[in-house]
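Think of it as A, B, C and D in the order they're written, each chain with its own count starting at 1.
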Amino acid sequence: MSNKETLLSVDDIEVFYGETQALFGVSLEVYEGELVTMIGGNGAGKTTTLRTISGLLSPRVGSITFKGDEIAGKGPDEIVKLGISQAPEGRMLFSGLTVEENLYAGAYHRSDDAAVEEDLEMVYDYFPQLPDLLEHNAEDLSGGQQQMLTIGRALMSDPDLLLMDEPSLGLAPQLVQTIGGIVEDLRDDGQTILLVEQNAELALDISDRGYVVQTGEVVASGPTEELRDTDAVRSAYFGQ
Amino acid sequence: MVQADILSQIILYGVLTGGVYALVAMGLSLIFGVMDVVNFAHGAYLMLAMYSSYFAWQILGLDPFLSILLVAPAFFVFGVISERLIIHPIIDEPDFAQIFATVGLIWVFENFAHYFIGTDPKGIEAGYGGMSLLGVPVQEVRVYGFVIALLTALGMYLLLEKTKIGLAIRATAQDKEAAELMGMSSEVVYMVTFGLGIALVGVAGPVMASIYSTTPTVGANYVLIAFVVVVLGGLGDVFGVLWAGMLIGIVDAAVAFFYEPTLSAPVYYTIFIAVLVLRATGHLGGSDEGLLSRIANIASSNESS
Amino acid sequence: MSQKQQTSTDSIAGKITKAVGKPSGYLSLLVFLVALALPLFATNYILHILILVFITGIGAIAWNIIGGYGGQFALGNAVFYGFGAYSVALLVNNYGQSFFVALAVGIILSVLLAVLVGYPTFTLSGHYFALATIAVVEGMLYLVLFFGDFTGGAIGQSVTPASWLADLVGNRVIAFYIFFAIFGLCILISTWVRYSKLGYYLLAIREDQDAAAALGVNTTRYKIYGFALSAAMTALAGGMYAVYGTYVSPSGAFSLDLSIQYALITLIGGMGTIIGPIVGTLFMVPIQQYVTTVLGGNLGSLAYIGYGVILIVVIIYAPEGLVTRLSFVREWIDNTLPEVK
Amino acid sequence: MLKTENLTKRFGSVVAVDDVSIEIPEGEITGLIGPNGAGKTTLFNLITGFYTPSNGTVTYKGEDITNLAPHEISKKGVSRTFQVPKPLNQLSVTENVVVGALGEGKGRQAAMEKANDTLDRVNFQGDYSMTANSLNVGQLKRLEIAKAVATDPDLLMLDEAVAGLNPDERGKLVNVIEKLNDQGITILMVEHVMEVVMGLSNRVIVLDEGKVLTEGTPKEVQNDDEVIEVYLGT
């Protein structure tokens, strides 16, 4: 695993909302080709970490390097061009735009039109429901369809690193399994992924490595099969 | 009983005038809808655009409708510069900052015109006459103005729906953060949006200047009508604004015909406040939705049920 | 802990003694006394300017209650000024009513209008309230023109108050004291409001409406109270001006510019502070008078370009106003000059 | 003391709160937990009148308060805090609390005294005459609670009162909440920090996807298979 190249390295970042501190020194690494997960209870700082990597927040302390370059402090529109895209929590779709427009929005910064069309076909392969919904507004989709569109939209930017924030949120159990399967397929097809999940069981099942966060700090990390047995996971959720 | 020919005359006048009102309101609606900025100085920009066209005619002998090709691009640049200097620094500040800053612009622009141009009304005499439309005598300039309003609405629609920057503008209006995650710089989108909004004024100005005469305070008369049109037509809804403009134009013409022109302003301010009341009491949908599209929605849902 | 409580529960009289003891306090008292003595040596022209300062100042203080304390952007307060002025003009001239009855009618009508406008718009976002108030003042201007037979139309009409009143306000010195007293009264009202339930509620609403509601504040009601009080004070200013200026015109009374002036003056002085509109008026009105009457016409508009630029620059760089920026002056005075017991 | 029956809130096609019937017993501390998107904040907003329910009722002390406005509900004795404190920045700490204390038509002087007493009650550390914009997070969180307590609530609803605090400050605030409860205030708290909820609550209600998943003592809830499932997945 570690003979692969380090794609993303988050080093001891502290992040604040106004005066309220949300992250108290989070560090993590993602190697090329890996599926890495961050798990932890509500308010642990998982979403904050992803928002900081994407540039929606700036760390007050610490650094974030991507492919060896410092990206902390860059804007979200610059970071997506460098190769990090995000399927955000709550989906954040353009609700009044059509499915097709949402997908093209994901490819906004690209000028390689032919490759964009190829990626569109690839997204349709992963999510066969989407081609039938192209003219529908995003707000008219079901929860599962919206989640598929969110992931598809993020893939359309042809990312080197895909950040996924709680893809299982609010979905029925079978759909959770479907989405989990698609995340695994993506990894198997070579997509590097940093997955944030509250559903620890699902995340640990499909990921290579994991980080457990609790109230803004990483409290455990390692290969998922090792993490599964630790108490850290349980205590991160229930505070025992 | 009102005679049919009088009625058709009122409607025709109203529609023609209303199209021009809509043209003035389109930029306002775009800026309000995308940036959530109320540009109180919209009328002052309009006044400057009217003068620009007047001087293009007086100095260069340029036809007012041709001068659009000059004025609109210039006003796009003017809008972009204004956005950088004034709107950008206060975009995340509370409402009052935007209100004051744009009100400050009104004073600067109006008094600039007052000082350098003076208060005598300036009218363009480009040699257009009258014509007969559907048997009703009308001024040619009003007809051409209306055609330009329609073409502009169509152009705006295509720009917003069919181009990449249009997609970025609509996406940013829906969810600014998500748009940034897609690589759409909101700074650029806001610059372009404000530029386009002011460029639309650059289209409206020459049309207005060919119909009405220009004074330093002429903009104030039309900016409130434009607000009424925007509230009726919806934010960022090009065709909604067009319909609302025509509706207000008809009201304007009817009041002027049956009562007196000075009364038409109080009448549409009353409509404006009535719309606000409807909204406050929850009889209107989301704040971006115009009254007309709301009514259309209700009508269509009644049909289907 | 006990010391903390003591400072905040001190009696008002004790507070005043303490405030006057401070250098900035006794200097202010000195300014007040000089102002009282002004008619002894000032020219009639200076007194006239000061009377205009008082009249405009009342409007600015009134605007500060709804705009500054409450954070609600009224941009049509001139309509209340117009109601006050025209009520006095019409009722005194055409119906032979006494000045006080006419003034009371103007104030009552203004309060009613404030409730009528505030009720539907206060539940909407701030933009709409600002727009609706503009629509009201502009709409009213057209109505005054439309009913020209009754109102005097675009030319306006002159006001002929009862002779005793005409004599009083005709004497600049007496007029100065009358307007000074009313100005002072309005400052007291504004100060009282700031520390009253209404004031605290308005400040809470300005900061966060939901949080205010959760603390038991009926937000719509208190915004309407604030707006109504603001309307009443502005109508008072308009009514007083009608007898002093003996002339009312639609463009002077129902003027969007005047409405914006009130807001601008308060912004320059510091919004939401008691002293903001007072300092703002003292600073702006003499400059404006100089610009419009001494420079006149074209140079006047050049000066207005300057105002516009100042307004924009202040908004971008010092949105908290000049008073807050200048608070170091007061601190410097307090630190350098000795205290008196 | 407070009871909801079949409370439901739909936003378009999304059912944020789905047929929730819960009871908050007088004198206790009740914890409200659940994964992200479970509907906790929506439920808070329904109870305090910020949202109108699509269906169902809220009863407080036997009285139907379902369609009352937020300020009316506050007057009945239900007070809440907000997740993100929004103080009146230019005003002193005492004056911030006065807004809540003015409710009963007392004079300003009495309200100021009451505000200071309330600040004592929540163990506010620091000078009460400081302006609110100079406060640190710990002080802001207490100020937020003091504002709500100054309205003399019988039921206090805390929305993530300890979020953003370090463990030491968290512990101190827990003591304050316990003290308020001892003084007779019933408490309903939404909280993400589990050790705080589990340590403080007499009873815990677990929401998931808008529905009540289970309720019971902290021990019962922690060992409930369904709860473990929604938190950890299956």
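Throughout what follows, a contact is a pair of C-beta atoms (placed from the backbone, for glycine too) under 8 Å apart; a residue touches a chain by one contact, two chains touch by 3 or more.
Worth saying up front: this structure is predicted, and the values here are computed from it rather than measured.
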Hop distance check: subunit B to subunit D, minimum number of steps through touching chains? 2
Counting contacting C-beta pairs, the top-scoring chain pair is B-C
Go ahead and note the Å separation of the Cα centroids belonging to subunit C and subunit D. 41
Distance between subunit A and subunit C based on Cα centroids, please, to the nearest Å. 55
So the centre of each chain is just the mean of its C-alpha atoms; given that, what is the distance between subunit B and subunit C in Å? 34
At least two partner chains per residue is the criterion; list those residues in subunit B. none
Check: subunit D positions touching at least 2 other chains come out as none
Which residues does subunit A have that touch at least 2 chains other than itself? none
Which two-chain combinations touch? A-B, A-D, B-C, C-D
Enumerate the contact residues on subunit B facing subunit A in the complex. 164, 167-168, 170-171, 174-175, 177-186
Which residues of subunit C touch subunit B once you look at their complex with the stated criterion? 67, 71, 73, 75, 117, 119-128, 130-132, 134-136, 138-140, 142-143, 145-146, 256, 260, 263-264, 267, 271, 298, 301-302, 304-305, 307-312, 315-316, 319
For subunit A, which residues are in contact with subunit B within the complex? 54-56, 75-77, 80-81, 85-86, 88, 92-97, 101, 104-106, 108-109, 153, 157
Complex interface listing, subunit D residues touching subunit C: 48-50, 69-72, 74-75, 79-80, 82, 86-92, 94-95, 98-100, 102-103, 108-109, 112-113, 116, 120, 127-129, 147-148, 150-151
Where on subunit A is subunit D touching in the complex? 17-22, 24, 41-44, 89-90, 139, 143, 166, 168-170, 173, 176, 197-203, 215, 233-234, 237-240
